[in-house]
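Letters A, B, C and D mark the chains in the order given here, with residues in each chain numbered from 1 onward.
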Amino acid sequence: MSPFGPLNGRASKPLQFLTLAVGLLAMTVLSMPDPDASVRTAAVVVLWCCLAIYAADLSAKAWPRAGSQPNYLSSAAGIIDLLAVLPIPIALLLGVPAQTAWLLASLWILKLATAVPGLSMLGRVIALEKRALGSVIVIFLTILVLASVALHVLEGPAQPRQFGSLPLSLWWAVTTLSSTGYGDAVPQTFLGRLIAGIVMISGLGVFGLWTGILATGFAAEHRRRDFIRNWDLVTQVPFFKNLDPPTVIELTRMLRRLDLAERTVIVRRGRPGDCMYFIASGEVEVKVEPHPVKLAAGAFFGEMALLTGGQRMANVVTTQPTTLLALEVADFHTLTAHHPELARAVAAEAARRKGSSEKPSPPAKGKTRERKSR
Amino acid sequence: MSPFGPLNGRASKPLQFLTLAVGLLAMTVLSMPDPDASVRTAAVVVLWCCLAIYAADLSAKAWPRAGSQPNYLSSAAGIIDLLAVLPIPIALLLGVPAQTAWLLASLWILKLATAVPGLSMLGRVIALEKRALGSVIVIFLTILVLASVALHVLEGPAQPRQFGSLPLSLWWAVTTLSSTGYGDAVPQTFLGRLIAGIVMISGLGVFGLWTGILATGFAAEHRRRDFIRNWDLVTQVPFFKNLDPPTVIELTRMLRRLDLAERTVIVRRGRPGDCMYFIASGEVEVKVEPHPVKLAAGAFFGEMALLTGGQRMANVVTTQPTTLLALEVADFHTLTAHHPELARAVAAEAARRKGSSEKPSPPAKGKTRERKSR
Amino acid sequence: MSPFGPLNGRASKPLQFLTLAVGLLAMTVLSMPDPDASVRTAAVVVLWCCLAIYAADLSAKAWPRAGSQPNYLSSAAGIIDLLAVLPIPIALLLGVPAQTAWLLASLWILKLATAVPGLSMLGRVIALEKRALGSVIVIFLTILVLASVALHVLEGPAQPRQFGSLPLSLWWAVTTLSSTGYGDAVPQTFLGRLIAGIVMISGLGVFGLWTGILATGFAAEHRRRDFIRNWDLVTQVPFFKNLDPPTVIELTRMLRRLDLAERTVIVRRGRPGDCMYFIASGEVEVKVEPHPVKLAAGAFFGEMALLTGGQRMANVVTTQPTTLLALEVADFHTLTAHHPELARAVAAEAARRKGSSEKPSPPAKGKTRERKSR
Amino acid sequence: MSPFGPLNGRASKPLQFLTLAVGLLAMTVLSMPDPDASVRTAAVVVLWCCLAIYAADLSAKAWPRAGSQPNYLSSAAGIIDLLAVLPIPIALLLGVPAQTAWLLASLWILKLATAVPGLSMLGRVIALEKRALGSVIVIFLTILVLASVALHVLEGPAQPRQFGSLPLSLWWAVTTLSSTGYGDAVPQTFLGRLIAGIVMISGLGVFGLWTGILATGFAAEHRRRDFIRNWDLVTQVPFFKNLDPPTVIELTRMLRRLDLAERTVIVRRGRPGDCMYFIASGEVEVKVEPHPVKLAAGAFFGEMALLTGGQRMANVVTTQPTTLLALEVADFHTLTAHHPELARAVAAEAARRKGSSEKPSPPAKGKTRERKSR
């Protein structure tokens, strides 16, 4: 789409990661104390190339044109792109030695954050739980301050280089409370060690609280996110339109979304069946002999193995990038037990399709737009 | 309210944190081994100022007058305030050197505990799970004692300075079981190392139990707290009065409370809609052209994007400190699927308001007390 | 009950803990390298006393008599009691030096395990999750073996004292994988450090799996245990007999058991009400003027503050050891929304009691066996 | 089944573990710097034996014959078996010294992975949560790179051997962020320590996120796995066929599967009853006097103690490997409260059986195929 931007779009993700990895590697090589002159030159060349790629990418994205985001440079992604491009030339212009200036290439790692979809979920969890996390931080700080003052008083006279001032003592407290334990400062008196022991055990407790809060928040956010992702797809599957709304909601909570590349084998002949699948978008091919069947969006397959408790009877492969909604066997039984009309609908749909196609019942059948594959 | 107490009330929270930060910093500076005389004097002056502020605050709060808490000094907050004010002058009067006496300013950090609302929740979780946490502590102590005796026997003869007595050996066990690992005492014999390895792995197990218990307890407490916080607000929203009680309960579990400052942008035009909002208290302004609409407590907005699955059609901004109850899209669909009357009520309310105001349907509408903004 | 056993029964728990603490302290003192002769003698005397107490306790429990457990000595508690008493004299008889022999007093710590009720719950969780925990241990062992062989090959030639054999290398791997990190063995080669980094990050992952499994198992076990504890009590409260079985089950899941000592203040006048209480056993006194009211097992109180959303109107204090079932405000509203008959029953019961006693409505009312306190 | 394969089948599991343990021990002995010649020879002999056993096992499994897996060598288990057998002779043939070549026996530990059933569950959790776990890894990497560059700049000049290049600095960052803390590289400057403190605290946070994600994913996977395992068994128990489908689903979620060896005591006389049991396969014997009763698959027992709240009235022992489905007392009460017909069915079945057998009511009764034991 953009003339300059080879890094735009989904397909260029591996290229982005490669640029990042190569750039960071070159930065690392350049930081070595006495690099070989040729190695050094090569590293600098690589770094300039990466910088050029990022600059081209930035200018492509930021260039005002039809359909582009109006204020890209003030968005989070824009700021990260600016941080990737500007600081290094500025530092070089200001006369910072090249070896130091290129260390700013470490800011390129921030680009990873924009490439990872789940990061916003983590941000939301932290935002929602900020009240509880704040309490844990208060406990953390309280222990830190009180412990470092106590150790300063108790150990300071004997070990002035380790505990002789509060900053030194705080350093010890942080390394101990986080259970890092460098061992550069170790209390020697009895009371000092007693307090240190309490600090260590408190560290475990604080950490446990922290983990517990994040685990709780994450579980809730996860359910919410999955529902929204599934809901958008569920509304596209015609089969679900015949169900009453509460059943659709229940189903939406149970489905698991699968985004599959072309030519992925979804179901393998002879394997036990633990799922049925609804096609939200894309197309799959059921490899039945002699005439493979293609199923398009809106169809479902794999229900036979669940109904009979048996094995898969054919391979099913995607023919293009396809999004499926998988329904586990446990959820299938739960749904059909509570909503026998659903079981009937699946069976009826299967029978209808079997009738309309003139071949002996394939193990999996699409609802609409079936075609004999060539 | 109080003549002395500039630190009373919600608005002074930043001032409280500033006083605390400055005071602790001055204490830290004063603890340095050989501070400059002027720096030292400045630090002492700052510390006296902080102490004076805390003393004024305490006397304002503790002074018996109409409306004040009767026995403030025996409450937890009162004791913390006393601990902040009294020990330092007492220590100075008793002849403790100033540098040491001012270390008691570290007690000021306890004031953080009273400022953080979530701390009582953590206390409740620990109280509710005390039985299970007690078991973990017993396991912890048992491993500690048995391991330190074993290492004392095995390593004591070879390393008398590290394992020559039980307290020394216990010190090693605590640093190891908490996975701190200073490295000041390291077993050298084969059997000693074997036991040490078991202690380390047990440490992971004990910590895992601890975290698991806290996570479980926290999840339960969290749900309870949210319900109570929401319930008080839900009973104030007139719209909810028309719903049957079980639906109100269900809704209360789903809502998320948002406390927003003045001039906060809640909804941004063009963004996808993932929530609708009920105003529990305060006021918001819907920035529709040409006549922005103000919505007061009891109104709701943002439902349009959920019903249509589209984007937000206007910015919505708070005009004063406002408390909202947000209903996520997932929960909205769940509710309306099970309670179609709720969907009808939202639609009817929206239609009614559209009729009563004579402008073309704004993207979000308040239920009551709508006013044209000037 | 038993003539020898001052440590039997619930009331003697503090005494048991005291004996244990004193005994372990004496053992610690005795382990010091060059103790004072008098201190040493005192410690030995204390240890003999503790041993005598445990021996008396054991003989009292193990003595066959009417009502005693038939095969106490083969139960877990009996074996722990035997381990506390027998090894020390045997070691002394075998000529082990006193200082070493008395270290066997560390086995007394096992008595803690029998005193803590929650330990069996932890045991159950571990038993139920043994399949998943076993997988984590397999991952742990696999990383351990592969990493130590790799480091032995990579670092062994350069650091023979740290990585020169597999046991040495395994020691490093355990300290690293458990994130203890003594620092006594640190890889120096590039590849060694790369593998060490992977080991450290794997350690976090393994530990996370471990914690996740225990947290999941613990949550399930917790719910089960609470239900059983509550169910036994719920069947004793007459008020619950009038409810239909599904409501009783729902209620049982919501209640929280409180075991209170005599003279505990349950409810304080003027505090916000967040619970109502059912008395499962024991007795409480409602401090209303001028005639305090006593409520016995089967009664409930504290419902007024929930119904009105107001404050507590009187102190309520236990008059003897009492077991209460607390119903949180969130659960109360949920229950009454779904079961209006429950709200009516509470109100009717309250009215009935108000009528039968001739005083002006006390803030909390018992159902049965009300008495004017003297 | 296979003539070569003594390690095939379930019964040979202990033998497999023994071979593995002995082999790894011999490898460890061989790695010692200066082993005794005879010890060394013994270790090599043991290692050759283990290798022979694994080679025989592999050839037995891979040999094409009727009923064998067609492409065993390309399955995961087959590759692990190949890795266990081939590398060592190849290394020896290539002239690698024996002491080094035999270190490849560490690959045998991978066989553990195939022996543990729960490992695939862990794999599934990681696969399902890969999006969220990926975010955590991105956070981890970002902190790692930025912290190591900062420390390289700040500490590099003063401590060139610890922070003089980015790889050195990265090494410090990994040991610190994973809270291992060897202490071989410790920042000395104020700013360096400040950043190090932030890294340590971030380490706790990252780890907490990681644990929270795994805990959430594991809980969901656990429920799913249990349902599937139970469902297969539930459909085999005739008693459940009479229940309506939603009740069966509910029951399936509540049951816990127990796989017991022959002669296991399930229920002990005089113990409190907290479960009832359905026999999915196998046989148990109820030890009532004078005529023990045998119960076969499809029968249930242990319901009496739940109905009466009393104690177990007889021992129940398996007579062959048996799979039970246990229903906890909490779930039993919940089920019967919601489905009184279930309680009636249990009671009716019990009465029917009591009538058809002419003995005085045994404490537990089988539904079908009861036989007097000889």
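In this section, a residue touches a chain if its C-beta (ideal position, glycine included) is under 8 Å from a C-beta of that chain, and two chains touch if they have at least 3 such contacts.
All of these numbers come straight from a predicted model, not from anything done at the bench.
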Have a look at A-D versus A-C and report the one with more C-beta pairs in contact.
A-D
If I superpose chain A onto chain B using their CA atoms, what angle of rotation comes out, to the nearest 5 degrees?
90
Over half of interface residue numbers shared between chain B and chain C means same, under half means different, so which is it?
different
Determine the centre-to-centre distance between chain A and chain D, using the mean Cα coordinates as centres, and give it in whole Å.
27
Whole-Å distance, chain A centre to chain C centre, using C-alpha means?
38
Which positions in chain C are in touch with at least two other chains?
167, 170, 179-183, 207, 211-213, 215-216, 219
So in the complex, which bits of chain C are touching chain A?
179-183, 211-212, 215
Show me the residue ranges of chain A that touch chain D in the complex, using the header's touch definition.
24, 27-28, 31-33, 100, 103, 106-107, 109-110, 112-113, 115-119, 121-122, 140, 167, 171, 174-175, 178-184, 206-207, 210-211, 213-219, 222, 256, 274, 309, 328-330, 333-334, 336-338, 340
Can you tell me which positions in chain A touch chain B when the two form their complex?
128, 131-132, 134-136, 138-139, 141-142, 145-146, 149, 152-153, 160, 164-167, 170, 176, 179-183, 186, 190, 193, 196-197, 200-201, 203-205, 207-209, 211-213, 215-216, 219, 223-224, 227-228, 231-232, 235, 245-246, 248-249, 252
